[in-house]
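Order of writing sets the labels: A, B and C. Residues in every chain begin at 1.
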Amino acid sequence: MEAHTPVIGGGRSTLERSPLARLPDRILKWGLLGISAAVLVLIVYFFIRLIGQSTLAFNRFGVFGFVFHNRWVPSRLEFGAAAMVFGTVVTSAIALIIGVPVAVATALYLTELCPRRARGPLTILVDLLAAVPSVVYGLWGVYVLIPKLKPAEQWFADSFSFIPWVGGHVAGPSVFIAGLILAIMILPIVSAISREVISTVPAEHKEAALALGATRWEMIKMAILPYSRPGITGGAMLGLGRALGETIAVVLVIGDDPAIPHSIFGQGYSLAAVIAAEFGEGSNQSIYRSALLACGLVLFVLTLLVNGFARGYVLRGERKMFGGGSRWRRGGGGAGDEPAEAAIGV
Amino acid sequence: MTELPRISAGRRRKDKIMRGLLAAATGVALVPLVLIIYYLVYKGIGQWSGQLFTTDPNGNFLGYPGGIRSAILGTIEIVALATVIAVPLGIAVALYLVEYGKKSFYANVVRYFIDVMTGVPSIVFGLFIYIVLIVSHLGGNFTAWKGSVALALLMLPIVARSAEVVLNLVPGSLREAALALGAPRWRVITRVVLPTAASGLLTGSLLAIARGAGETAPLIFTVGSANGLAFNLSQQMNTLPTQIFTDITSPRNAIVARAWGAALTLVALVLILNLIARAAQRRSRLA
Amino acid sequence: MIPPDTQNKDPRALSPPDSTEQGSATQEEAPDVSALGAPKTEGEGHNVVLQGLSAYYGKMQVIKDVHLNFPAGEVTAIIGPSGSGKSTVIRCINRMHEEIPGAHAEGSVKLDDLDVYAPGVDVTAVRRLIGMVFQKPNPFPTMSIFDNVAAGMRLTGTRGENMRERVHKALRAVGLWAEVKNRLDRPGIGLSGGQQQRLCIARTIAVEPEVILMDEPCSALDPIATLKVEELIDELKARYTIVIVTHNMQQAARVADTTVFMLDGEVIEHAPTSELFTTPKDERTERYVTGKFG
């Protein structure tokens, strides 16, 4: 006797669903796809419009002229943003130099050395640095950090004035303070990524080092750091991306002076800061506004490059070395922390 | 007969020193947090009063400068609207990636874009909205809802990424069991996947909200400023971050003092959101 | 009744060795242990004696009051079903057990007359004397072949010509020299599984320990590679005290002079290998070696 599926009206077997019943599935799938496509399209659209708005300034001053010419005189409608580019780069560099080693050190301590019971609370505290709003960092920077550090900075500037970029009168707001605050602000993200990377070092490598008679620190140097290098580098680059674009804290402490300072204790500007500071005046004159938006474009491109590279480099580096997928990017354990870390921007 | 080889004192010392350094670095990392909280409380708590929360900034040059009521309400309204936009869209994108797109090329492109979006500076989002909605005078000049849109752009990738992580944690076996019972895909998503992931999704959303509530830069170019209370989202509106930002550079001590009070309020708000988020995370059925 | 495989046959007669591994010489390279110096004479070797050893993971006790001795110049195998505690026992010998959070051990482990658990003893010094080879070959992935072997030596400040000599000696001793001498700077993980494990053994003997602990060293290897490692163990035993944990009874029969059978954290029987397999004294031993459980 052959198997026979019953048939109902329309020649459909009862095992098939009616087209109507399949509709919600279809709607859902294409709806969701549409939304994600819309997000992509939106980003590209914004990018194009930003370029459009900047062309006025680029046409007037030339792209290279705008980026590398150090002459920002709004009263004469002359705009060259070299000082801003300089400030952005230098403050970010300071942030990396100070912030990354401290972040990696905290990551190592929290993953490898910290007593188990203290680990949870300490980790939450380090991550909490990311929750402080940027404007609060600015407020604290202006009224606490600047006055309190001024004597120490002046001492340093006087004692070490033979080093280039150090020395001179310390006014208060400065490129250095901006870099220092940025270092604090990128610390949580670099630390979180480093912690993830370090915790995925296979136990077998750590055991091999210990079994050879290595001390704890030697084990870290031998087994953990080389393995974690690509991931930590990627984390540092993401921190860099964050530092490049930080606006509010920087504009409040950097001094807002469109000049390249002679020392890190001098005042300067950054691409993000100039936009925030001069937007009020600038929005009324089209060339001024275009120059500010061009600064925004330069900033956007910079962060895209850094972030795009960081995400690509880190993933590729890990895959090349170890042949497998990158565990720290998605899923696969550590369930408790991942939503929180994803929200920090890991 | 057997003697232990002597581990050189140098190695032992180096080990101790490096371990001490690493612990010290962790302490150093926490110093700013402690200092910030200390100063916030020290300078801000004195400002907390009934007046602070029930009056608006009045822009007067002399005398009492007013409270921050309009700022608080403005922040609540603008962030609420931003949440309504960003959270459903973010979860939708994550749902697509987890349930349908998975490892396809298109899904990877979307993921990459979302990741890159998390690195875009918040000021750039403000500029986007400025260019598209304000320069073109679309729907009025500076308005509160435009600020919400800018914040939503900022919050969307955060929600999407943490939602994707959480949705991936829902065991495949749960989905399969539901499908094997004959449930259509959309039912599996709405009745099985989303409820299981609910507290994780909540965590991610709360953290995104906390982030959005603290942002200033996107609002500067989109919302304009106002002192008085405004309920209509198509007007300009005051917010806590912009209020603080303006107050910081004021020459009047009373206004700077108010900034500390406002900052303490903002940080308290953000901290509470963070704590609720982490509590939700711990109660998650997935952790 | 014993499984037929455990009779004294030369394992090399089972299948002709063939050069399937990467870059092997045209002729099979036997381990050249003479590079390591003269074998230990009677009385020169080092015994390991366990007394009243108990080990815990937190509150859970996994080793119960074990008394064992591992004589110098011999290979002792520890067999038993999963969970019998055999890996934990050897991890207690070089104090790797305590690296796991919450784990601790009691009792004494004496290397000759030195108790490694005595207060004030430096664990890193203990591990220089007692080396370990792990189940899954674990060469350091970012290091070259040379650097892998040299890793332990670098810790103690060995440098230059002296170090280079010892690396070459160790590689010769494990029979890898001909295969890798032209590519010492290539990554250690580029080798095949069996070669990697021999590399790890070279790394272990390069620091000149007195005891070598092996935790199922062949379970991740193919039969050819396993044979090579067993051959190596046979050569090495004249110079070291070797303890090998294995879940493979045939392997125990092939390489070990003495075998210990453990069950549920206790030593059930400890006897010369052939005796344990042919005339086990305990009923549980008999049931295990005849395959009635495990």
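Basically, a residue touches a chain if its C-beta (ideal position, glycine included) is under 8 Å from a C-beta of that chain, and two chains touch if they have at least 3 such contacts.
Fair warning: this is a prediction, and the values are worked out from it, not measured in the lab.
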item	value
Relative to chain B, chain with the most remote C-alpha centre	C
Chain pair showing more contacts of the two, A-C and A-B	A-B
Whole-Å separation of chain centres (CA-atom averages), chain B against chain C	54
Distance from chain C to chain A - Cα centre to Cα centre, in angstrom	48
Averaged-CA centre spacing for the pair chain B and chain A, given as whole angstrom	15
Where chain B touches two or more other chains, by residue	7, 11-12
Chain C, residues touching no fewer than two other chains	124-126, 128, 155-156
For chain A, residues contacting two or more additional chains	213, 215, 218
Touching residues (chain side chain C, partner chain B) in the complex	46, 111-114, 121-122, 124-126, 128-129, 155-157, 210
Parts of chain B lying in touch with chain A, wherever the complex brings them together	7, 11-12, 14-15, 18-19, 21-23, 25-26, 28-30, 32-33, 35-36, 39-40, 43, 89, 92-93, 95-97, 99-101, 109-110, 112-124, 127-128, 131-132, 135, 153, 156, 158, 161-162, 164-166, 168-169, 184-186, 189, 200, 203-204, 207-208, 210-211, 213-217, 220-221, 241, 244-245, 248-249, 256, 259-260, 263, 266-267, 270-271, 274, 277-278, 281-282, 284, 286-287
Of all residues in chain B, those that touch chain C in their complex	1-8, 11-12
For the chain C and chain A complex, residues of the former touching the latter	94, 96, 99, 101, 124-128, 131-132, 134, 136, 138-143, 151-152, 155-156, 200, 203-204, 207
Touching residues (chain side chain A, partner chain B) in the complex	17, 21-22, 24-25, 27-29, 31-33, 35-36, 39-40, 42-43, 45-46, 49-50, 53, 101-103, 105-106, 108-110, 113-114, 122, 124-126, 128-129, 131-140, 142-144, 184, 187, 191, 213, 215-218, 220, 238, 241-242, 244-248, 252, 272, 275-276, 279, 293, 296, 299-300, 303-304, 306-308, 310-311, 330-331, 335-336, 338-340, 342-345
